[in-house]
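Two complexes come next, and they have one chain in common, chain A, joined by chain B in the first and chain C in the second.
The block that comes next holds the complex of A and B.
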């Protein structure tokens, strides 16, 4: 990668009155990357992209694009473009006029504008007949594509997405997620996408940045975030994981404050005084038959069973709390709810998250 | 069920329907009837006669008609330009302060229009409130602006201001903030946003405001009389004289009918194109 990042966000702080929405944010984005910022409501992700496209001004810090500062430029001069959550299509214009709007502003001749708009319609898999349609005649998914086509017509250096799929139904969202990823590959543009759904982020992104209270918690690839979350927050943000508090005894063996877990001697070495959680994903927990062994074992009672389509999930009540186990639907247990079971998992399935004694990362 | 709803709808509309029939349609028909009555005859049994309309042309009454329309047009344009920034502020910027402005503007309407216009007349006349005090205190004198057409336009702007302001503010509030932000993001300058996004999206409000002020100003009587002091003869003056001093009801009716038809034609085009439901907030 080049020495100078494509987009460089340095020490950016944004305050609204006395509320600090972003607190000394640093982020580099490389050219052609699909970066997704994930965070709960109020984590500052929307604020960050509004600063990026120029809707709001930074309080402190700088944003540069290709080495040029853009945070001081007005929104209409920045080579960035945003796809709004509401899509912000212009209802008084046709589909074609919407797409041509940025070209019209640049003084492109009507015939050339039309050619480009029709190219973009084709790129977004919309029939040419949509050119003259009113926005109100388009469905949710079609509007989504029109908004994308309009953003592409602007030909920005970065396209920013503000949860544009959140209002759509599940199936359409899944289709458009894949289309968006595909579009990213075909156009080679830099995409910055925000969402509160880590699942959505996983499908599309090269890198994921997890935000919490105006700061980045972790910035990494989907694979890394999935298997090696840096904090309990990141771990729990990505759905159901099993977290067991662990501390290190003076002799280097683990202690389990929430309830004992059987650990094979030597399976887990914990420094004396170390505090944190042990994470294990539900799909990596097994039901042990009599005589089977694992690095970690825990016994309990099967309390519930949830069919998730291709997978099935179990809740097991143990001395260390409720444990979630997930496995392919074909391997559904024959044992009924209420049966005593023994759970087990191996050292390779375990990820340790260090925490300060008060529970924060 | 649907039939019941229709019946209920008709029933609910009945009282206002009867009222409109008696107070709006009947006078119109009467005026139309008088307009085609032969002049100086005053009998009901006659064939339609268009001599009154010929008189409008021959005796130059069309000049006062044009004057009325011109002044109304000017008033509308000025009011639009003056009201837009305030309406914009009320719809998008002021927040809770909007209510204060609304109350202040509405409060003015509680005082009768004639009294307010008399107030201006007393203030602006030679030796009146303004000139009198200025002369007494600073020895500075100026000619009264009264009795000329600009003061009539000023008076109409003053009186019909709320009729422009509130529809405009309503119209501007229909413009989604995101549309404005998106346009800016796509490279539009504030002027382009105004002309290509905000004005088209606020068009229903603009049309309602302009129509109201234009129609009201074209039929205005008091401003020309109280501020203009009959130095500028507008159409409504002619109508009044024809019915009173002139005792020429057919001419008065023909003049009225001409104004009504012109204004109605001007109004119908935009009304057929705007979506009143959008203004009332039932859509989008």
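The block that comes next holds the complex of A and C.
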């Protein structure tokens, strides 16, 4: 028999009164993994990690760690630690006292606590002089590091993060994302991170779990989620994506209910009666010059362009709806808005998502 | 800050002076009255004396009055801080079924006229067969003061991030440790200012004490009875000493609160 997973969440349901926040959730987490749970607000991701650390109790189901049930243990007995969205640093204590707090609770001698706190300050690249500082004297990024040091102090087996970067400005967030990934590599701890930004998830995680209305929609690597999403919801979660409804005709050729797309014969075989969407990422759609060919072609009118820094995005109005095209800024089009254009992309750029006839996944 | 014109500045100074004199002139006149040699208050004061001050400080009656007032005020302060602390947690920190009702009814005694409250309590005590004394006065003061301390501490509790308690618990703290290490220290400035209010309100309270102290007399109660019959400048002298005492107490309290606030 295969070894039990490090963390095993089995059939977990959480109800608040009549509202079901989590509906029979199953999730395995490996030791040392960086798992990110992504979902819109209200999808149940915060609820799930609060159950994991023990702030709230499960309604049904079990959570085990190394084969031992932990869902019945009170929060203060679980080997888990949470980094809160507000960071929850104690304002009446110094940086040092904050980091030492979990050690003090465990009866560690003052001298040893201090040694450990200074070690952690170094690990998080904070100068030793911060030991005696007040929390109010620290900047946003420094507070983040203090909160991480405190979470690492008592050597918990799992560290859980509740969107700790969401309150920071863009640049600092980008820096800390990389630092967090680096910290994960250096400590080898199991990190469970939640965010509503798939972009943030992709930078850091080994695996991403996409959550929607109290259930997992897809659990996979970043690469998998980006290029082979299993539903329209997952596909559109990460910014711009072009989705075209497709159905299979009796002869196995595609039919386009939202508007015709030119497909090279044999480029796309669809089983008769098959219903779903064809997905193509904006960066994989090209502008075709006269005489150029592609597996799929679609003509329309250029309606808008948006500069996104290193990239530029175009909106093209076509018979199949508004299509988004993205390309590096250096390859900016010379054609003005209003110009007729032909778009094209290849079979390799396409991902098909099957759907039930009523549009649900 | 906005720059003000010369005329506005003069108007502001005048306004300030009027307000201050309205507030403090009576106190100043009491001060003068306490050092007047004449038995009756009249201005200008012809001859000054410190004999009434001395009498106020040395009189055994006054010592007993101060002792009774102190016993009541100190008991009320301590009890109302404890009640206010837990009351504030119920008021602001915990979600429970009857919280809305609790928040409303706890405020009611503050809106009750104190004389009516005092009379009601006196009737209640006698119905229960309790002889009024300084102890019943403590209960009476608490009925009026504990809601105030609850409110003061609740304001502080509202500004409290619940994640702080959850974080402490998550890191291994028991319920009692969370209370001692996190909740109590963070609410402490509110608790101290509530205590200051409680002491001052109890120390100066007259209407509740009048009805509920029985044979024991507090300072305000005695001052009133002497005002009605048998006025001597010892009365303003005591008033002045009481104000000085309260001011010192407030000063100590403010220093204490400043010392407890995280320095930034």
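Throughout what follows, the second predicted complex is superposed on the first by the 359 of 361 C-alpha atoms of A that agree within 3 Å, B and C clash if a C-alpha of one lies under 4 Å from a C-alpha of the other, contacts with A are read in each partner's own complex, and residues count from 1 in each chain.
In the analysis below, contacts are C-beta pairs under 8 Å (C-beta built on N, C-alpha and C of every residue); 3 or more make two chains touch, one makes a residue touch a chain.
Source: prediction; values computed, not measured.
Chemist: Under the superposition described at the top, does placing chain B and chain C together on chain A give a clash or a fit?
Modeler: The answer is clash.
Chemist: Have a look at where A:280 lands relative to chain B and chain C in the superposition and call it first, second, both or neither.
Modeler: neither
Chemist: Examine A:84 and indicate which partner it touches, taking first as chain B and second as chain C; both and neither are also allowed.
Modeler: Both partners, chain B and chain C.
Chemist: Between chain B and chain C, whom does A:137 touch in the aligned arrangement: first, second, both, or neither?
Modeler: In the superposition, A:137 contacts chain C only.
Chemist: So in the superposed three-chain picture, is A:243 touching just chain B, just chain C, both, or none of them (first/second/both/neither)?
Modeler: In the superposed model, A:243 contacts neither chain B nor chain C.
Chemist: Once chain A of both complexes is superposed, is A:261 in touch with chain B (first), chain C (second), both, or neither?
Modeler: After superposition on chain A, A:261 lies in contact with neither partner.
Chemist: Across the two complexes, find the residues of chain A that touch chain B and also touch chain C.
Modeler: In chain A, residues 53-55, 75-78, 80-82, 84, 86, 88, 90-92, 101-102, 105-106, 150, 154 are touched by chain B and also by chain C.
Chemist: Which residues of chain A touch chain B in the complex?
Modeler: Residues of chain A touching chain B: 53-55, 74-78, 80-82, 84, 86-92, 101-102, 105-106, 150, 154.
Chemist: Contact residues on chain A for chain C in the complex?
Modeler: 53-55, 75-78, 80-82, 84-86, 88, 90-92, 101-102, 105-106, 134-137, 150, 154
Chemist: In the complex, go through chain C and note every residue touching chain A.
Modeler: 161, 163-164, 166-174, 177, 181-182, 185-186, 262-264
Chemist: Along chain B, where are the residues that touch chain A in the complex?
Modeler: Within the complex, chain B touches chain A at residues 176, 178-179, 181-189, 192, 196-197, 200-201, 203, 284.
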